[in-house]
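In what follows, subunit A forms one complex with subunit B and a second complex with subunit C.
For the complex of A and B:
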C-alpha cells in the first residue's frame, strides 16, 4: 500500500466536500437574502398601509445607515455590538443549545465590568497605564460574570433537565430586575438623579481612531473581530469546538466519539455567556461609560438571535449579518428623529427575518416552482 | 409501589404538596403574618392574574399534544392585547363601554385566528423550525405591538381605556369567603375555569381529543386509521394561537390599558404559560392550577405591602420567574409527546 493512494483519495474527498459546502453556502446565502428582502418588503407594505411614503422611508433608512460620517460611526457602533452578541448566540445554537439568555448574560457582564472598574480605580494609578489595567480588569470581570450567568442554565439543563429556552428567558427577566434594583438603590452613584452607577473615570475609555464619535471606537470593532477569529478557531480547530459542533448536528455521534453530552452543554453555555460578557464590557466602556437601569437599555441580546440565524450560526457569517442589522438599527435611530414612522417597525421587520429564516423550505419550494415555470414555457 | 414510583406517577400531586410545604415552611421560618397575606382579596387577584396564563397554557398544551411546539404563545399574547386595545379604541374612542370591550375581545381572537393560520402553514406545510419560528413570533409581537400603539396613540402605551366589570350574583355573593371569590368577580375568571374543564373533557373523553393525542404520540397510527394528521395539527395550532390571543385580550380587559414599553404588558406570561402546562403535565386542569400558583406569586407584592413587609418591589416582581426556573429544574423532565417537533409526511 503506497502513500500516494490515500493522499489522492483524500484530495478527491476534499474537493467534493468543498463543492458541497459551496452549494450549501450559496443556498444559505440565497435564503438569507430572500428572507431579508421579503421581510423588508412586508415592512414597506406596513409603512404604506400606515399612510406614509415607502420610497421616502427607504431613502431615510439608507441615509440613516450610511448617509454621513456620523451615520457610519453609528452603524459601526451597532455592528460591533451585534458581532459580539451574534457570536455569543452562534456558539450556543451551533451546539444545539438554545441560549435565548444572551441578553441577560450581556447585562450581567456589562454591570460586572462597571462595578469592577469602579472598585479597582482607587487602587490603581490614573492615566493611560491605569486606564489600560482597568480595562483589562473590567473585561475579565465581564467575561467571568457573563460566563457564570451562562453556565447556570447550562448546569440546570445538563443535570436538572430544565429546558434552556425557558430558563434563559426567565434569567433575562431576573438579570434585568436585579441589576435594575441595584442601580436604583444600593449601587446608585452618589447624587445621581437617574438610576445610574457612578461614571467610569475619564481615562478608562477606548481611544478614538478615525471616527471622532463619543460612543464608537474602531478599537471596539477590532475587539469584536478578534473574538470572531478566536471563536471560529475554537469551533473548527479544537477538541472542545469539535464536541460542541458534533453535539449540535448529531448528539448520538458526539456521545459515540467520546464527548460527555452534559459537560458539552455546560461548556457551550459558559463560552456563549463569556462572549456575551465581552459584549457587555464593550457596551459599558465604549457606549455608556456607566451602567443604567437595563430595562431601558437596547436589547442587543434578542436581535443577536436574528443575527446568528441569518448567518446560519456561523461565527464568520455573523460579521456581514451584524453589518446589516447595525445598518437597520442605525436607520431606526435616524428614523425616530427624522421621520414620523414609528421606529418599532424595525423590530417587527427583524422578527419577520427570523420567521422566514426558520422556514427555508418556503424559498426552496418557491425556487422550485419558479424553475418549473421556466421549463414549461 | 416504591416511593420513586409513586413520585413519578403522581408528579403533580407530589409536586403540589412539596410546594405547599415549602411555602408554609418559608412562611413560618420568616415569621410572616400569614393571615394578612392570604386574604380573600389576594385569592381574587391571584385568580385574575392566573387567567391569561391559564388560557395560554391550555392552548399551548393542545398544540404540543398534537405534535407541534407552539413557542410563539408570548408573541400571540402581545398581538392579542394590542389588537384588543386597538379595537376598543376604534369602537369606543375615549370612553368605551363594556359592550365595546367584549366585541374587541372577540375581534382580537378572530385576528389571532388569521395569523395563527399563516403560522401553522409555515410550520406544517413548509416545515419551519418550530423553535425559531416561535421565537420569531415573539419578536414580531414585540415590534408590531408597540408599533401599532404608536400609530394609534402616538405612544407605546395607550391611554386608560376600559376594564371589565365584575359580575355579581345576588345573594350568593354575600357568602363569606366563597362569595367574593366565585360570585362577585370578573366573568373572564369564571369563563377560564369553564374553558379548563371543557378542554380537559375534550382532550381525554372525546374522539377529537384522542386524535390530537395520537397526532403527537403516533402520527403513523392515526394516518393508518384514516385521519388526516396535518388537519388535526392545523386545528390544534390554530386553537393554541386563538387561546393565546384571547389570553392577551383578557390581560388587557383586566388591566384596562395597553402597555407597550419594555417587554410589553405581557412581560413573560406566555413563557410562564408554557411552564404552567409542563408543570401540569399537559393536563388542562393541572395547567390551570399551575397558572394559579404563578398568578399568586405575581400578586404577592401587594400583599407584602399591605402586610408591612419591606421588600423592594423590583425583587418581589421576580418571584414568578425564579419559581419557573425552580419548577423546571425540579420537575423539568416531563414526558413530552413522542412526535413533538417532527413534521409528518403522509405516504400516499
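For the complex of A and C:
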C-alpha cells in the first residue's frame, strides 16, 4: 500500500528540489566547485587524522593533476579516455537504454584495432603515409567491432526482450575472457613473456603535439572532442537523434510519432558501442601500443557510468566531468608514487570528491523521478 | 464497528477535488448503505477513482465531508482509512511478487509472539476468513504471488483487506484484468461479502457487470454525480445514456459538400488486444472523402484497438486497411504518417506530447519525415520553431508562446496544440480518438469546428468518442461498436438516443432501427464506388 503522507518533510523536499532543478548552468558549476572543495576539506581531515601531512597531501594533489607538463599530459590522457567512454554511456542513457557494457565494447574495439593494424601492416608501406593509413584502418576496425558488440545486446533487447543491463554485463565478461584467451595463446606476440599481442609498428602512433609524452597526444584529445561534437550534433540536429532522445523521454510518444521502438534500441546500442570502439582504438594506439590481457587493463568503461551521470548524460557535459575525473586519477597516480599515503586513503578521498560532485545531480534525477519540486516536473 | 442498520456505512457529502485548474470531482454526494454493493459507473476520467481515493485518504478533498458510520472523519493517509475499516483494492495490485501469499497478507500487520512473526496464528486467521467466504486463497498460502493467476492474486488482495478488518471494500475496476470466468467468480464473492454485512464500492465502466451485482448504481460524468439509481429497476440503456450524457451543444453545421470517393476502407479487420483476446472482430467499413464516420460505444468495446490498428500502432491479425486505394495493412506507423494519415491520440499525456519538451520540440513529433522541418535526416529547428509558433497562433494555444514545456499547459491547450499539429500536417485521413476528453467547453467547440472544416475540405475523418452528443453533432454516419464488432451503422438524424443506448448495450438492431442509407453504403461502397450521391443531406 502506498502511504502518501503530504507532511512537512515533503514540503521541505519539494522546495529544495525545486531550487536544485531550477539551478542555471553557472550555478551548477559553482555547486560542483564548492562540492569539490568541501570533499577535499573533509578528505584532508581524514588524511590528518590518519597521521599524514594534509598540506603535503594537498600540494601533491595539485602537483599531480596540473603541476608540470607531465602531470598535465597525464591528466589529459585520462580525460581523453573518460570523454570517449563517457559519451558512449551518455548516448545510451539519453535514449533510455542502460548500456552497462561500454567496458566490453571498449575492449573488443581496442583489440580489433590492434589486430587489424597488425594484419594490414605487412601489406602497406611504412613511414608516415603507411602509419596514417593503418591508423584509419585500425580506428575503423575498432568502431565496427565496438558497434557490433553493442548491437548484439541491442538486438537481444529489441527482438528477444532481454534486459540490456544483464546482457551487457555478461557480454563484458565474455569480451574480457575471449580477448584474454586470445592474447594468452593464439595471438600472443612471438617471444613475449607477458600475455600481450605483438607491438604495433613504430610508425603507427599519434604524433606528439605540444606535449612530449609516450602515452598522450593532443591528437587523441582532439579525436575525443570531435566525437563529442559529432554525437551532440547527431542527438540534437538529426531525426535519428530526435527519435532516440524522444524514446528515452517518453517511449509511447516516440512510438506515436513513428519511431520504431525496436530499431531505435538497436541504433542506440550500436552507436554507443561505436563510440566505445573509438575509445578502444585510442587506448590501443595512444596509450598501450599493443593489446594485453584486458582483465588487467584499466576499467574506463565502468568509470564511464559515473562520468556520464555526473554530466547528466549530456555529451557536452561529459567534457568537464571527464576533466574532473582525469585530474583526480592523475593526482591519485602521482600520490601513489610520491607520497607514503596508502592507496586506500587516496581512493577514499577521490571517492569523496566524486560522491560530492555527483550528489546534486543524483538528487535532481531522484527528485524528477519522485515527482518532487512541485507539479509538472 | 457498531452503527445500526439505518446509518449508512459511508456518506460523502459535496466532495470537490481539484488538481490545479482541473476539477476531478465537483460537489459529489455518495451514500454507501451497509451490506450492499454500490456500483460507481463512469467513463475513464469521469472522477470515479479520484472520489474513492479521497475516501481512502490518498487525496485531501478541497470541499465536502466524509462520514463513516454516521461519524464525520478526515483521513490523512490510507492507514487512517484502514483503521476506520476501509480497504481499497487498486487496479494494479499492491502485492510483493517474490513473497508468499501468507507474507503478503500479513505484511505490516504481522501477528507476533515474543517479537517473532507468529506464522501459525496468521495461517489460522487467514484460513478462517477463507472458510467463511469459500475462498481458495488458503490453498496457495505458501506459493509466491508471481506464480499465481491474476484472479487468485485479486482474491489475495481481498483477503488482505479482510484480514485488516475492512468493513468497507472499494474495488477499483476489478474486472479489467480478469477472464470472463474469473469475473463470474468475483461477482459471486462480492455478493457473499455483501450478504455477510460488508459494504462494497464497485468501480467500473461496464454496464452489465454493474447491473449483475450492484444494489445501487451511481453514475459519474465529468466529475459530477449524474444520479443514483436502483439497479433492480434501471436498464443498461438508461445507464449508457447517463454515462455519456447530453451536453448542451451547438447546432450541427450544415454541410456544403457531398462525400466523395472512398478514402479509408477497412475489410474483415481482426485485432488482438494486450491480453491476447480478440478485441476487434471482423470489422468492415468505409469512410469517404468529406465524411465523418463516428464510432460510438461504451468504452472498452474494441475502439482503442481498432484505432491502433488503423494508425499503425498495433498489427492486424487479418483483414485489410486501405488508404486511397493503397493497402497499408503491413505498413509501419511512419509509413502511414507519410501516406497522409494523422491521428489525435486518445492519451495526449503519454502519446500526443512529450511532457518535458517545449512546444518547439513537440511540434516535430510525428513530423520527423516532413520537409522542410527535416531534410535528408537533418532537422531545421528554426523552421520547426516557426511552425510551432504558427500552431500556437492559429489554434489559440494559451499561453501564446512556444518556449514552455508541454506539461505546463492545461488539458484543453495541450489538445488544441495536438489538433493543430496534426491538421497542419496536411492529411488525407484523420483518426480522432476522444478529441475533446477532459477539455474545457470553449476548446471543445473550437476542436469541433476544426474537424468540420476538415470534412468540408474533403478529408475522411474517423471519430471515436464516448460522448454521444459529440458523435451525433459531428458524424455523417454513426457506427456502434460492441464487443469488437460494428453491430450497426445508423444515420444520426434518424436514430433516437434510446436506440443508440440499446445498440451500445449490445442489442442488435431490428429492421426498422437500421437506417437504409448507412448500412448498404458500408457494405457496398468499396465495390461499387459512390455512383449514387447520398440523400441524407443534413439540414436541421
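In this text, the second predicted complex is superposed on the first by the 283 of 377 C-alpha atoms of A that agree within 3 Å, B and C clash if a C-alpha of one lies under 4 Å from a C-alpha of the other, contacts with A are read in each partner's own complex, and residues count from 1 in each chain.
Assume a residue touches a chain if its C-beta (ideal position, glycine included) is under 8 Å from a C-beta of that chain, and two chains touch if they have at least 3 such contacts.
What you see is a predicted model, and the numbers here were worked out from it, not measured in a lab.
Contact with subunit B, but none with subunit C, is seen for A:166 once the two complexes are overlaid on the shared chain. Applying the stated contact rule after C-alpha superposition, one finds that A:346 touches subunit B and leaves subunit C untouched. Judged by the touch definition given at the top, the superposed model places A:34 against neither subunit B nor subunit C. For subunit A, the partner with contacts to more residues, out of subunit B and subunit C, is B. Touch criterion met: A:359 reaches subunit B, while subunit C stays clear of it. In the superposed pair of complexes, A:240 makes contact with subunit C only, with no contact to subunit B. Judged by the touch definition given at the top, the superposed model places A:306 against subunit B, while subunit C stays out of reach.
In the superposition on chain A, contact is made by A:178 with subunit B only, not with subunit C.
By the touch criterion stated above, A:100 is placed in contact with subunit B alone, subunit C being left untouched.
Chain contact summary for the complex, subunit A toward subunit B: residues 46, 50, 98, 100, 156, 160-163, 165-167, 169-171, 173-174, 177-178, 180-181, 184-185, 295, 302, 305-306, 309, 342, 344-352, 354-355, 357-359, 361-362, 365. Considering their complex, residues 20, 58, 60, 76-79, 82, 94, 108, 312-313, 332-334, 337, 343, 345, 347, 350-357, 361, 364-369, 374, 377-379, 381, 405, 407-408 of subunit C touch subunit A. Subunit B meets subunit A in the complex at residues 71, 75, 122, 126-129, 131-133, 135-144, 146-147, 150-151, 156, 260, 262-263, 267-268, 271, 274-275, 278, 312, 314-315, 317-318, 321-322, 324-325, 328-330, 332-333. The touching residues of subunit A, when paired with subunit C in their complex, are 1-6, 236-240, 242-243, 246, 249-250, 252-253, 255-260, 375-377.
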